[in-house]
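The two complexes that follow have chain A in common; it is paired with chain B in the first and with chain C in the second.
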Partner chain A sequence: MPPIPSADALSAWLSERIATYVQRKPADIRADVPLAEYGLDSVYALTLAGDLEDHLGMSLDPTLMWDHPTIAGLTQALLQVMTSV
Partner chain B sequence: MSTAALPSQALDALLRELESPDGPFAPARIAELDRKEAFPDEACEALNAFGLGAHYVPTKHGGRLAHFPELVALWRTVARRDLTAAIGHGKTFLGGACTWVGGTAEQAVALGEAVSRGMRVSWGLTERHHGSDLLAGELSATPTADGWRLRGEKWLINNATRGELISVLARTDPAGGPRGFSVFLVDKRQLPPGAFHCLPKERTHGIRGADISGIAFNDADVPASALVGKPGGGIELVLKALQLTRTAAVAMSLGAADHALRLTVEFAKGHHLYERRLVDLPRARRPLGTAATQLLLAEAVSTVGSRALHALPAEASLTSALTKAFVPTAINDLLAQLADLMGARSFLTDVYAHGMFQKVERDHRIIAIFDGSTLVNRNAVINQFPALVRAFRQGRRDVAGLATTTTLTAPLPEPDLSRLGLISTGGCSVVQGLPDALLRLQALADRGEAPQAVAKLAQSLGRATDAVHQRMAAQPPSARDVPPEAFHLAEHYEACFAGAACVQLWLGHAREARGPLWHDALWLEACLVRVLSRLCPEEQHGDASVFDRLADVVVDAPGPFSLLTDARTEGAP
Partner chain C sequence: MTTPIDPTSVEALEQRLGDPWDDTNPVGFSQVLGADERGELLDAGERMLDAYGLGAEFVPVSEGGRMAGLDRLIDLMRAVFRRDPCLGLGYGASSLIAAVNVWTAGSAPQRRTVADLLLRNRKLACGYYELAHGNDLTRAEFEALPAGDILRLSGTKQVISNIHRADAVVLFARTQAGTGSRNHSQVLVDLTRVPADRVKHLPRFRTAGMRGVPLGGVTFQDCPVPADGVLGTPGQGLETALKSFQVTRVALPGMFLGIVDTGLRTTLRASLGRTLYGRTVADLPQTRSVLADTFADLLLCDAFTTAAARGVHLLPREASLTTAAVKYLVPRVLMDAMGRLSTVLGARFYLRDGDTAVFQKLLRDLQPVGFGHLARVAGQMTLLPQLPLLARRGWAQPMPAPADLFRLDAPLPPLPFDKLALSGGGQDGLTGSLLEGLEALNAHPTEETRELRGRLESFARELEVLRREAAALPPRELTASASPASYDLTTKAITLMAASACLNVWRQQAHDPFLGDPAWLLAALHRLEVWRERAQGPLPEGIRTRLFTELLARHEDARAFDLTRKPLGGGRPSPASTP
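Presenting the complex of A and B:
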């Protein structure tokens, strides 16, 4: 399993992915704003789980995106999952 | 399992008797009810007497639903006589699905007992102003001291009026969002007068007798035990339950196709032109064979889709969407092709077979719309393009699950509904298994055990499937607006799925199968020519006379035309 990334690295990676999805600049995506406000459809947001699985080398419940709808919340939740395995 | 024991065959035998002129399934009676826009009560009572409801309840909850392919076969058996009765009765499975997926054992057993006794359960998802957009739903449920209070309306709900129970998707967080909804199983009989009222039956183009109505709750108090699954878990639960219902619902299309094909063949045998039977004219044979190929493709897809619920449940978000998008569309094409052959008889209501053809054509229209329209299902596939491309390139697949899915004689495990997921990060094994299947088919052809011409068609499918994935990889993310090209691409991916399903079903069964459809891989050849003509219309594929050879089998078929007729299957019709 790859090493656990830092919160900053993970947060930056998420901003970059989401910016691609909603066709904006990563700097425009704030960590504390629900992703739906950037026009990210909640069902489409599940797709991010596939990207994350590849990036982190572990399987995830895609509904994590629904329970933690901001980048900050998602980053914390992911770190928690990674440190608990 | 001995074939004599199959419930669908027992039901078919019963319905043959009930088709007699004074029976509830008599074509004249069905036509009369349709004209009067009246519900087929007697037909549904006969289905209750048969015990069809128990087949909507998983065995683990006390019912007889052990195998989804058998539920497909049962519905197909009813739908080939009357889609109105099949849809009117079948709705109860849809109404119960959320409880089978997310309810407690206690809830599921209690509902199973009611459904087995013939209670009707409907499913309230859509609202007047929001259609397929479930996240926009306004009907609300607010907590009370000992339960929940429901307020608001569901509209265009099959059996909303006739059903004793209804599963309702309600907004439980005023802010909404994917965790803002919950599912409630509401027993209308336990609500005080005035707590709800049913909305008038809407008049419809097809299934005119069906109870397509609605229900409005006026501060209806339901007990805490009405909540199915977790508070806030409603959208997730509904999206998982839809994977079961979308897969099974295509049985309605298969039955409609059986019905229309039989009406057309009988007409073409009795109708004379230029002193020859219509059925003997080459210009009738070719479209008959082409239409029958659509049915074979639909059968292959629905067989693989319904077996996948048992063997590849983690991929059901894809297999169900692909099945529900592909099958009704293929059968719409079949109906249009057969209508051309029928000429005026496809249009007249009294001249031939009590106007059954025009009724089938009208009734079938709803199948591509309800329970998630073709567009909704294609969108669900488009959302997963990145995972599909990734998994195809890596050659990932669930080898054991795929083998069980595509081998008709393989025993089906009990479906593990806890493994259903909102997306399939492993992609779609059926398509990802195609490259390996092509190697096996080519090896058989090289040993003279499969026709070289068919192996060559399959290689073309392999190349076309590669090309479709390249185009999918080039699609920009569609998180906001989905471009029309993506829908076109999803349609092509469906064709790849259908072709891959055919190749693997054939490989899994060719050695054991007997009968004219399996001889010389006839059905596989026809399906591949058809799929390739969709994927690469500018090229010429194989020999179009395969449709004439197939038409010979259609015309001579003693019963319903089906690739499963000659196949000994385990837990499947």
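Presenting the complex of A and C:
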């Protein structure tokens, strides 16, 4: 398993992915705004979960993104999952 | 034979249904058509299904019911749909659609309540949709907001089957404000206990087909209900819905297949009994070609639904993928088949009286298969975002599905409601089995399989192209606003899954004189290519003759036109009257 990334690195990676997805600049994606506000629908969680699994080398429940719908919340939740494995 | 038949079997249900063409049969076509003209469900049919105990078929064995294999449930309900789709939907499938949510997310007391209701043959309604939002469930506005230990229901659901006579309803409701995917819940509401002054029933909707099924709306005005009606944890509604759909979106098309079985039977019967240009219509090559095509369509659809339905038991993690694929392909093939059959009947498909009158009803009743309880395009939208992961995982290192997926008689474990998942995680055993089947054929090449191997090789090449194209899809192409070219990739993926289902049903039934013959398989693969507009024209003559011969034999023997070849009620058919 790859080393656990820092919160900043993970948050930056998520901003980058989501910015690509909604075709904006990463700087425009705020960490404390629910991702649905950027036009990301419930189905996108499935795609993002797959990307995250490949990035982090672990398997994830796609509903994690539904339970933590901001970048900040998701980052914390992911770190918690990774440190508890 | 003196062994009494199992009173809960499909055969026993067929015996109760009896001869459809007998005018004195209380559940024959004459009575079915009479009820349809009146816009009513056939009362004698409902009482007959009560006596059979059909409600128990929607309750898992673990809850005291008879629901075991999804393939058995489809088979039973297909028998009802062959006779009267209104009974199939209005008596049965509507309750099933609601109940699956309870089996997926309900607590033990909720499951007991619903099991008890269905075992008493009472109705359970399902209120998901709001006309303004269609399949976009996250926009649903109907509210069930918590206030202490109660919920307050407010809003309208316009289109619910059986709402006026159901004992309980599963409502899809917003349990908190805001955007996101955790704001809705399913709420199980006991309609016998809600305060009457807070519930208003709306006038019944009249419909083009399924005229006997009472479709109504309901408005709740600040109506208090116990908060323990929420299925699962509050906010779990979308997740439960997306999991439950995996069961219903394969089961319903599988049941609706029974409509085209009767459509084909009606057309064949009329063609045998009618003389034109000095010979029966069934002797005309063009007629035979259409009838054989339709038979092949039914086998294609049944192979796909059966493999997907068995897959819900055996590969539950992948059910989001396979059942969405079935929902996209099967309804279209069934609707096109009915349209083609109507050309054989000529003007008579239009008549509401006489020996073929049931056809016009079936043609109308079939239509909801395409849009009812999830539109076909929703099937594509489920597949599309999964394509890149499939390209990186399951299609890059294919893993075949277990052989039992395709063995029609192999026992199944109980439906694993707790193992259904929102995404297949990039795995696709069905497509893996396509490659495995091809390898097995190539290991022992025979002249008999030469053409088949050629076709399969081209599917394998197509998978390679699909994998590359899917891997290259940019994120914007994974949403509802994707281009038609991206949607086409889902059609390719669906084609490969359907081809695999047919190939492997053939492989695993090698001992069967008909299903083990490559003729039907080649016919089904040809029809698959016609479906996606890669091929056109009739089946090759040898295959056409083989299928038509089997079709005639089954007609004379009163057997189903699907994979099961089950005997139908009423025995050998009486000839159609000559007009």
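Criterion: the second predicted complex is superposed on the first by the 85 of 85 C-alpha atoms of A that agree within 3 Å, B and C clash if a C-alpha of one lies under 4 Å from a C-alpha of the other, contacts with A are read in each partner's own complex, and residues count from 1 in each chain.
The rule is short, and it goes like this: contacts are C-beta pairs under 8 Å (C-beta built on N, C-alpha and C of every residue); 3 or more make two chains touch, one makes a residue touch a chain.
A quick note: this is a predicted structure, and the numbers were derived from the prediction, not measured.
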Quiz item: Is A:Ala36 in contact with chain B, with chain C, with both, or with neither (first, second, both, neither)?
Solution: both
Exercise. Would you sort A:Leu46 into first (chain B), second (chain C), both or neither based on which partner it touches?
Key: both
Quiz prompt | Touching partner for A:Asp54 - first (chain B), second (chain C), both, neither | solution = both
Quiz item: Now for A:Pro62: first (chain B), second (chain C), both, or neither, which partner does it touch?
Solution: both
Quiz item: Which partner does A:Asp8 contact after superposing on A: first (chain B), second (chain C), both, neither?
Solution: neither
Practice problem: Using the touch definition from the top, say if A:Tyr21 reaches chain B (first), chain C (second), both or neither. | Solution: both
Quiz prompt | Overlap of the chain B and chain C footprints on chain A, listed as residue numbers | solution = 20-21, 23, 34, 36, 41-47, 49-50, 54, 59, 62-63, 66-67, 69
Exercise. Can you check the complex and tell me which residues of chain A touch chain C?
Key: 20-21, 23, 34, 36-37, 41-47, 49-50, 54, 59, 62-63, 66-67, 69
Quiz item: If you look only at chain B, which of its residues touch chain A in the complex?
Solution: 135, 177-179, 235-236, 239, 380, 383-384, 386-387, 390, 421-423, 425, 476-480
Exercise. Can you check the complex and tell me which residues of chain C touch chain A?
Key: 138, 178-182, 238-239, 381-382, 385-386, 388-389, 392, 421-423, 425-426, 475-476, 478-480
Quiz item: What residues on chain A touch chain B, complex-wise?
Solution: 20-23, 34, 36, 39-47, 49-51, 53-54, 59, 62-63, 66-67, 69
